[in-house]
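Note that chain A is present in both complexes that follow, paired respectively with chain B and with chain C.
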Partner chain A sequence: MSEGTFKKYGKRTLVYVFLILMSIISVFPLYWCFISSCNTTAEILGGKMLPGSHLIENLTNLFSQQDVLSAFKNSVINTVLVLVLSLAICSVAGYGFEIFHDKGKDIVMGIIMMSMMVPFVAILVPLFQMFTKMGFVNKYIGYILPSLSTPFLIMLFRNNARTFPKEVLEAARMDGLSEMGIFVRMFVPMMRPTFAAAATITFMNTWNAYLWPKVVLQTPASITMPMLVANLLSGYVVDYGVVMAGVTICTLPTVIVFFILQKSFTEAVAGAVK
Partner chain B sequence: MKKLISMLLALVLVLGCAAFAEAGEQADGKLTIWCWDKTFNIAAMEKAKEMYQADHPDVEIDIEEVLSEDIESRVIASNGDTSTLPDILLVQDHSIQKFVTNYPEVYHDITDEFDFSDFMPAKLGLSVVDGRNYGVPFDSGTVVAAWRTDYLEQAGYTVADLTDIDWDRFLEIGRDVKEKTGMPMLSGQAGAVDTVLIMLQSCGGSMFNEDGTANLAGNEKLKAVIDTYNTMVAEGIFIEVNSWDEYIGTLSNGSVVGTINGCWILSTIMSLADQAGKWDITNMPAMVGVDGATNYSNNGGSTWAVVNNKDIDLALDFLQMYRNVDFYDAILPATSAIATFTPAKDAPNYTAASDFFNGTPIFATIVEFGDSVPAEVTSPFYYDARGNVGTAVTNALNGGDLDSELQTAQDTTEFTMGF
Partner chain C sequence: MRQSSGRKLTMHKKQQLIGWFFLIPATALIFWLSFYPMIRALMISFQGGRPTALQWSDPLTRNYQFLMKDTVFKTSLKNTFTYLIIQVPIMLVLAMIFATLLNDHQLKFKGVFRTCIFLPCATALVAYSLIFRTMFAYDGMINSVLMKIGILNEPINWLNNPGTAKAVIIIALIWRWTGYNMIFYLSSMQSIDYAIYEAARIDGAGAATQLFKITIPLLKPIILVTAIMSTNGTLQLFDESVNLTKGGPANATITMSHYIYNTMFQNNPNFGYAAAMSFVILILVAVLSAIQMKVGDKRE
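For the complex of A and B:
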């Protein structure tokens, strides 16, 4: 083997070792979560790293202690509502900000971007007061309304709309397609990776949301999965096997959604347009 | 394509309409209670509900599981408007001062409407703000020293050797046990200062003066406590771990001889079925050369607060259950929730011997301990001061000068208090 080939393969081996190590570090929390849901508290605290035989027992205890189906249903409804409505609103807003020209649009966009700097906790109390007066507490509308239009999604769609070919836009207009028709029939199909990335981010943020739901959803019938998992940790005695079973159920939908959309997500993050 | 667009728009419309549907009904016109822990507070409240409804079948009581932090978040978000709050809520003992001070319109002053006689004085004092009482005491956080008798036997000691002793004698025994068994006596979470504050209250000390000002710099009792604590850590008699889970792990793995903590820790110990019969309890060591030193202290616990809502009279009538010995006797087997209502110590379940703890009637013993706990001066800024003391202890352990570390803790606490 020549020195050049040795260097090439040596370098590649080092890169693979590094990547494998990073992959293990990334995947380990998920692995630990899954195997812990199969073990007892004593085994988890004892540092057992292999799957045990207590999965059914932990799940049975979890379902007997908490209304998992109701929390899961609430999480699904809240997440789907936010996902569909926020993608519909933010994609139109981002498209509009990029395609149409107006003197004031950059100022408006600047104001929207500045609102990203205000932490949610700062508006929590006035928002809750407002929603109480409007009768939105303990209702789906109360949960989803603050999440429907986010500066980040508008920015994401606006930035990606820059890659939307102007020639396509002009050709469609010349062919007599309406502006809404251009958006739906030309922009949406071409921006599929952007929609996938936005869907992934929105799904994760909404599914894992904790601060706002715990304030605005106050009855046991309206709690979400992250709130249910937090309830499992509240006692003087914590059954870690049951907690990890709850965490596993709470994590699975996010993992599944990410696996389904990962290719488009990567393309959108890399800025690719087909 | 048109079909697809129409379907998508219809979906958005349907989902939009669904958004206005109720996610759950807010309780109204009945007694609503917020508390946490299904196996402890909620189980106790369910029993209280069952016993109360036996005499008052028309009263509807809704017990909802809400985390301690979530209750606090919702009180903050309510900004004094009690329309979204329940009739009764559970409060951590050291949080009630802060919340009553910041949201006085939320908490009902029950001083003249509830009989507070026969409750443990140390517990009662925690819910008194400006001389007025805002809480019905529930579970005890009376400190116990729980020891593995099998480990002590290996070193030639019994629990009697650890009863009514001071920390100097404890250090001697700790060194000897470590030499003979290789085991530390105690464990605890680094920076959490539970043990330091337990020791401080055992000698009547506090992080605050009677007038509410911070009392950290130059606090001789606190300095003596931290010196003793740091000696234990430095000699390996006390091992510090990084998290609460690791602390529980040291008990379940049997890697320490015992623990000194609020009596609620016994629920965790009793869940370790393989260690049944290997434990016993006694009182904690007393400080040496400090005025007012005792072998008793308190750590943790919670209190029921009545919210200024429509059903105050009904809520107070219901909370009379917490003056009922039969109620405390009934909840004990399932919850191990130990009363702060002292007459409960004569109830049958309290006087029964515990096989897990070497035949000791642990519950009656703990209620007796509770009567001797020195009262503590507390403050709305308790958790701020506690965090600053934790930093001072950690820095002193790493070689920092204790006096200057406590001065820094004092300055930081006073800054938070707005002095």
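For the complex of A and C:
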């Protein structure tokens, strides 16, 4: 074997070793969380790396300590509402900004993009005040309203509307379809991948949200899964088996969606900055 | 002839007019729930008193003057910048390395590696904060394992020591976000014609030369986007501070957002002061983004 081939294969092996190591580090905390939900506190702290037989026990304790069903239900309702409404509002807007674009609308788009730079925490105080005044605190509407129109989704849909063929648009207009009809019957079916991408990223963000829900949802009956999980650490004696069981329940939906829709998620991340 | 072109014009005008109705819901929501509160926040930042009975401060800049004297605020500012300066560069460089390695067409199991490295993104911020808190507990798994294999003689109190607590937050952040940034780089790299790399290789360009002469110049816009996003995100860190370290020990890891939240809801809620602090974040985000855009432009 010449020195050149050795160098080449050595390097190659090094790349694989590095990537395998990094993949293990990336997956390990989640793996450990899932298996720990089947172990006792002593086993978890002691560094047990395989699942045990205490899953049922941990789940029973978790459900007796916390109203998991209510929090899970709240998370599902909030997420579904945000998904349906934000996709409808932002896709219509993104389409509008691209298809009917003129000087005025381009300026408005520019202003909307600027709102991306507004850190959410900067508007936390007035938003909470406004929502208190309107009676939205502890209600679904209070949770969902700030997520319904996001510059990110509008941009995603606008960028993808560029690929909507002009001929289809013209032909549909010739056929006498209304502008909204064109959107619903032509654009939506054609842009299914974009909608999937938008849905995936919206699902992740909404399900995982914490700061705003913590501010606007203050009664035990209105809290969401991430809030419930955070509460598990508040006692003096922490049962880590219960904590990991809670974290697992909170994480499974997003991990499952991640594996099913990974391609859409990737497209959403990359698509908005095309 | 004339009439038909006139009709076409009005039809076009009509369409443009209808277009506005497509935008109104989204635009109205953003003005109502983003721009209007921003102006309100500025006003509230000049006010004081109980949240239900806010009054103009006397002097008007009282909240801002107090900022200068508030040691917790200064600590939170320092902490946030520590995270920003250490974590963001490490994360972006790592993301670039991963993306470069995975963009190699001869690499096998590419999809598996990508999925693994991207997976942390599917975890809620609260969830991974709790996982890392459990792993790094004083009597926790990391200490147990390190002692078992003989690296440590006695456990390290990771979360109760200002330096190590910050390190744990930084490690956790890098774990959670590197794959996310990698996806941005990877998908932009895939739009670069792979023949360019092959040609460069034939010309004898090594991996480093390819990275610095081809990839980075072409990816500059996307690097800028990720830098701005990460800066924006880091300045707003909240979940990790609240759940991983609870801001402790003694505020050694508290972030600005965490302190703002405490100011709003703990002990004596002070909305005016919270608004003043949040306006500082707004200005920091704007200034840092502007600097990054300037720097990003210059490297042409």
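Everything that follows uses one rule, which is that the second predicted complex is superposed on the first by the 233 of 274 C-alpha atoms of A that agree within 3 Å, B and C clash if a C-alpha of one lies under 4 Å from a C-alpha of the other, contacts with A are read in each partner's own complex, and residues count from 1 in each chain.
Keep this in mind: a contact is a pair of C-beta atoms (placed from the backbone, for glycine too) under 8 Å apart; a residue touches a chain by one contact, two chains touch by 3 or more.
None of the values given here were measured: they were computed from a predicted structure.
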| item | value |
| --- | --- |
| Combined model on chain A where chain B meets chain C, clash or fit | clash |
| Touching partner for A:60 - first (chain B), second (chain C), both, neither | neither |
| Touching partner for A:46 - first (chain B), second (chain C), both, neither | both |
| Partner touching more residues of chain A, whether chain B or chain C | C |
| Which superposed partner A:163 touches (first chain B, second chain C, both, neither) | neither |
| Partner chain in contact with A:138 - chain B first, chain C second, else both or neither | first |
| First, second, both or neither for A:129, with chain B first and chain C second | both |
| Touching partner for A:220 - first (chain B), second (chain C), both, neither | first |
| Chain B versus chain C as contact partner of A:13, first or second or both or neither | neither |
| Chain B and chain C contact sites that coincide on chain A, given as residue numbers | 45-46, 124-125, 128-129, 145, 211, 214-215, 227, 230, 240 |
| In the complex, chain A residues that touch chain B | 41-42, 45-46, 65, 74, 77, 80-81, 84-85, 88, 124-125, 128-129, 132, 137-145, 184-185, 211, 214-215, 217-222, 227, 230-231, 234-238, 240 |
| Chain C-facing residues of chain A, complex | 15, 18-20, 22-27, 29-30, 32-33, 36, 44-47, 89-90, 92-93, 95-97, 99-102, 105, 108, 111-112, 115, 117-130, 145-146, 148-149, 151, 154, 179, 183, 204, 207-208, 210-211, 214-215, 225-227, 229-230, 232-233, 240, 243-244, 247, 250-251, 254-255, 257-259, 262, 265-267, 269-270, 273 |
| Residues of chain C touching chain A in the complex | 15-16, 18-23, 25-27, 29-30, 33-38, 40-41, 44, 51, 98, 101-102, 104, 107, 112-113, 115-128, 130-135, 137, 139-141, 144-145, 148, 175, 179-180, 183-184, 187-188, 221-222, 225, 232, 235-236, 238-239, 242-243, 256-257, 260-261, 264-265, 271, 274-275, 278-279, 281-282, 285-286, 289 |
| Complex contact set, residues of chain B against chain A | 1, 5, 11-12, 15-16, 18-27, 36-40, 64-68, 70, 73-74, 76-79, 81, 83-84, 245, 248-249, 252-253, 264-265, 267-268, 271-272 |
